[in-house]
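Below is one structure, written out as structure tokens; comments come after it.
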Amino acid sequence: MGRRAQVRRPIFTLNHEKGHAVDVLTGWWDDFFWGSVVVAQVFLASLVLMVIFGLLGAAAKLSSNRIFQKIANGYTIVFRGTPEILVILLLYFGSAIALTAIAQVFNPEIKFLDVPPFWAGTIAIALIVGSYATETFRGAFLGVKPGSIEAAQALGMNGFQVFFYVRVAEMWRLALPAFGNHMLSLIKDTALISIIGLNETLFVAKQAIATTGAPFIMYIMVGVIYLGFSTVITLTVMTLEYYGTRHMRSAT
Amino acid sequence: MSATQPLIRMEHVGKNFGTFKALHDFNLVVTKGERIVVCGPSGSGKSTMIRCINRLEKHDEGRIFIGDIELTDKLKDLNAVRREVGMVFQSFNLFPHMTILKNLMLAQKLVRKTPKDEAREVAMHYLNRVKIPEQADKYPIQLLGGQQQRVAIARALCMKPEVMLFDEPTSALDPEMINEVLEVMTDLAKDGMTMICVTHEMGFARSVADRVIFMDAGEIVEEATPEIFFGAPRNERTKLFLSQILTH
Amino acid sequence: MSFDVSLIFSALPKMLMGIGLTFQLLVLSGVLGLALAIVLMLMRVSGKWYLDWPAQTYIYIFRGTPILVQIFIVYYGFPQLEFIREGILWPIFRDPFGCAIVALTLNTGAYVSEILRGGVLGVDRGILEAGEALGLNRCQRFTYLTTPIAARLALPAYGNDVISLLKSTALVSTITLADMTGIARTIVAQTYAPYEIFISLAIVYMIITLFIQKLMARIERWLGRYTVRTGQT
Amino acid sequence: ETLRVGMECTYAPFNYRTDAGELAGYDVDVATGVAAIMGADLEFVCQQWDGMIPALLANKFDLIVASMSITNQRLEKIDFSSPYRDSVGRLVGRSEANLNLFDEASNPIPENFKGLRIGIERASTYEAWFNATLPDAETVLYDGNEPMYLDLRNGRVDAIMTNPMKAHLSFLATEEGSGFEFVSPAISEIEYFGTGVGIGLRQGQPELMARLDAAIKQLINDGKLTEFALKYFPFPIHNEKWGDS
Amino acid sequence: MSATQPLIRMEHVGKNFGTFKALHDFNLVVTKGERIVVCGPSGSGKSTMIRCINRLEKHDEGRIFIGDIELTDKLKDLNAVRREVGMVFQSFNLFPHMTILKNLMLAQKLVRKTPKDEAREVAMHYLNRVKIPEQADKYPIQLLGGQQQRVAIARALCMKPEVMLFDEPTSALDPEMINEVLEVMTDLAKDGMTMICVTHEMGFARSVADRVIFMDAGEIVEEATPEIFFGAPRNERTKLFLSQILTH
């Protein structure tokens, strides 16, 4: 206990002490690993929510219901116009209050309900990126050629069949490239959740810096981890795109 | 639908886009087995007319009957009508994300509830008929325009319709491919299919049509057998149009 | 906790004192980032691998990592490097404003270069061939045909990136700068009233965003005046 | 009963994470000791300093054990237990600079602060003191304590105001701290620095407050607080008068 | 360039796209004032051939001469050639962001270094010639297809070329607009302009061409005067092609 506090290591410099870089990281590898696991968890959870928000938003914008349209427009304006950091802070502080108020309507016994930082952060970034996905999905739905839809109608397919077999089947391919970018936004926004104390990689780095005093190497480490995540996402999207655009390549 | 009564009846049909009258007091009766060619300048309402017949557009005035069924908002009637009316578009409108075979099977399975194997058989039958069975597993984009249009015809035929509607089926095609599509259509006509065909292919009209209809500004301007229509058109607008179409 | 409206009125003027800094960051890194983006884009479309690859790597790294991490590396990380601390650029890196400009510029440059490249690639080949057939050389084609058409194609996406940049400026409060967000966080720390302060600040950002959107739409209409079929049969 | 305790987790040696990933420090020891006496389970929540009180009020945790001084301003929003350590502030600056900031009577000389950039943690007692005493000094606000030291060494600020115990231990006494020294006397005006550092809790919980007070008193009487302090410092950092003796 | 020698000479020209031979041992000599129509099925290499002549494609084998100049990578020669060779594309390719007048003035100013006022005069002269001077200040998108193509012809003429190349100039046009473009082209032919024209408009070929060339698979299959070409084609592939083109 307190070893590091008493015997501080000299602060890392790239120039005169070669090999020091990795030294400084000793003991922090596992923390970074678990931090990465948290990043992955936040990413996956927010991905699911983002798709839901995006589809709901797109459906509302495309619906003929004025009120739904207004709500969806409000949603995209608010979340595309507000800095991510503010949304996260607001949701973190506001969620408990709001949830408790709602819960008390149903059950006055409840003292308070809380949303842990994990979910506050996850929902925040899903809402933000979902507002962009709303536009992507909307555009993709509109991008389905009206001719395809008319052909399906002329063949006697009903509304549901047209929607599912023609619209959705064509739309996801159109949405994919932009959707890949949304996934990259999500993964990068996870870094902001360190601000509300979630123990992800950037927060690990801050703690490690408090002990080692080596910000350069620690933040580079975080950058490398995120670059790894981005690479995995990019490759996945490329694979899906390859699969999804088979029908656009000529065989010859 | 019985053969004694007309297959399609359009009575005083009107269709407006905003204040613009795309169709105006339009009357047409088509009996079983009749082959009708519709022509006219761009914007004269040919597409609108043909799209009203299977309710891709809703008409605003008058009445349209397909067999005994009047076209209204009733869903059940609409589905019954669409099953009986096949349509071929200028731009083919194949489903780009499905292979040719799947294009032909989809509506059979979903609308006619045909079992998969039977649907495949029907599909292959019609692919043979339009002479491209070997393309069954390709995607639409891998086919030439003429082939795509033949697939589109086969797709409509798979539903075993009573009438076929064609909206300028060859005008998006390169010249060399026009004939192969017209051949398929001529075959179909010879087999007795009832057809309404918007086209400017006058050779086809001459050899196949029972009646040629010339439209302008949403109305029928002239209606005659091909001999009379091309030989001795009565109306000035028809003459002008024919001179533009035929000189080059 | 109740919502204290009077607090907003006392806090808003204080927060708005940071708007100048926010705009300075936005405009300066926006302009520098655009310049960087043009260079990167030219490297990408040059068709020479030794220009293309470095640009591609650069873009890949800066688009693949969070802007917050980039800001931290520049602000806290760089001074650890002797050659930065001893180098002539130290006055820039010493200053948190300089660091913020550097980080934001490097970041937005990567994004914008891809937008510009999309615009350049979106120019119809036929138009360039027509220019070529008329005898225009490469440089003339780029200046008179590619640039104006690509600018118009890239503008909507570019507008979105300007808004992203605005939102990124809110992160400079983490490196001691007192922009609107920084001031707001200080007020929150004193008044312990996050909702009132943050919500009113969010509205301020939204208004700026809408303003940028309107401006961009106007430029787009001007640049795209040739894409509307007006008054002709 | 589980008590959720908020702290920064990056404020060595009071609350920080060891390279084994464990939370450690004087605040952590105090929290553990108090919980043991109260018979409660503990759960630590890491929270950036400027959001500490809002987070407590938003029910993110139940107690603040994060080296938070008991000040009047804070007492408007939350309650505090009795103090468990001293609260003072001192400025640290570069020795060579020969900063002459205070007169003999230990009062600041405002003119000499002109042109200086002073690093302070956002929402700290030091900020409150600075704003009140030297409103014209240029302050630079940090989200955490550690970056402030980095910037002091990098020359981005001329001096910082901070906790002298921490400054001595984790900076001045180390290699990196050479060339730096305290450039002010200890400042502990009660108006700003309060009566000491206490455990924060939401208002309206007199019972919980009484139990906390009792537990702290017991820690003092048992000599535990001294023991905790000696783990990190060569001297105790609380006032023996706060106990029964 | 003197009138005594051929204006264009293509000798054993070959062009490959990867392993695909788009042009193969292609030989063609065009003398001043000659009007040549090229036809052939899609993919037969017509566009490739014509694009080789002003080096929008580089040929891989053989040699091409424009006047005395051989087409190589030399920039100076290339510019000289491009100044003498005008080209009209299927898709018009007007500069969308410039008014019609500016479209016509740009290359004059940049390539010929014509002073602004003179460039404008030349532009208006040719706009008059294609009969749409009143459109000078509009943007291309505001014009109909036929008008756009006439502007494209005028734009090429402004450079005062020795030869005009046309690559299917009417195949993207609606039927009513084809004639107005063909008229402009016929006028040009009457004025003695040397022309190579890829087109399937057989009426135009009959009335204007000195020679008709039929290409298939990158080679010249048949070459004859229009009378012989349409009246008594010798080659089987020509016959098949003509039957496809002409029956509808």
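Note that the chains take the letters A, B, C, D and E in the order they are written out, and that residue 1 is the start of every chain.
The definition used in the following text is that contacts are C-beta pairs under 8 Å (C-beta built on N, C-alpha and C of every residue); 3 or more make two chains touch, one makes a residue touch a chain.
This is a predicted model, so every value here is computed, not measured.
**Student:** What's the minimum number of touch steps needed to get from chain B to chain C?
**Tutor:** 2
**Student:** As a test of understanding: of all chains, whose mean C-alpha position lies farthest from that of chain E?
**Tutor:** The most remote chain is D.
**Student:** Which chain is most remote from chain B in terms of Cα centres?
**Tutor:** Computed centres place D farthest from chain B.
**Student:** State the superposition rotation angle between the two copies chain B and chain E, fitting on C-alpha atoms only and giving a multiple of 5 degrees from 0 to 180.
**Tutor:** 175
**Student:** Out of A-C and C-E, which chain pair has the most contact pairs?
**Tutor:** Between the chain pairs A-C and C-E, A-C carries more contacts.
**Student:** Could you put a whole-Å number on the gap between the CA centroids of chain C and chain D?
**Tutor:** 39
**Student:** Return the distance between the CA-based centres of chain A and chain D, expressed in whole Å.
**Tutor:** Inter-chain centre distance comes to 36 Å.
**Student:** Whole-Å distance, chain A centre to chain B centre, using C-alpha means?
**Tutor:** Once rounded, the distance between the two centres reads 49 Å.
**Student:** Quick check: what residues of chain D touch more than one other chain, meaning two or more?
**Tutor:** 51, 54, 58, 147, 150
**Student:** For chain C, what residues touch not just one other chain but two or more?
**Tutor:** As it turns out, chain C has residues touching two or more other chains at 1, 76, 174, 194.
**Student:** Run through the chains and report each pair that touches.
**Tutor:** Those chain pairs satisfying the definition are A-B, A-C, A-D, B-E, C-D, C-E.
**Student:** Any idea which chain C residues touch chain E in the complex?
**Tutor:** Touching chain E: residues 124, 126-127, 129-137, 140, 144-145, 148-149, 152, 225-233 of chain C.
**Student:** Provide the residue numbers of chain D that touch chain C in the complex, in ascending order.
**Tutor:** 49-51, 53-54, 57-58, 73, 77, 119, 122-123, 140-143, 147, 150-151, 154-156
**Student:** Can you list the chain C residues touching chain D in their complex?
**Tutor:** So the residues of chain C in touch with chain D come to 1, 76, 79, 85, 94-96, 174, 176, 178, 182, 185-186, 188-190, 192-194.
**Student:** Show me the residue ranges of chain A that touch chain B in the complex, using the header's touch definition.
**Tutor:** Contacts found on chain A: 145, 147-148, 150-158, 161, 165-166, 169-170, 173, 246-252.
**Student:** Of all residues in chain D, which touch chain A in the complex?
**Tutor:** So the residues of chain D touching chain A come out as 9-13, 16-21, 24-25, 45-48, 51, 54-55, 58-60, 144-147, 149-150, 153, 169-170, 174-176, 231-232.
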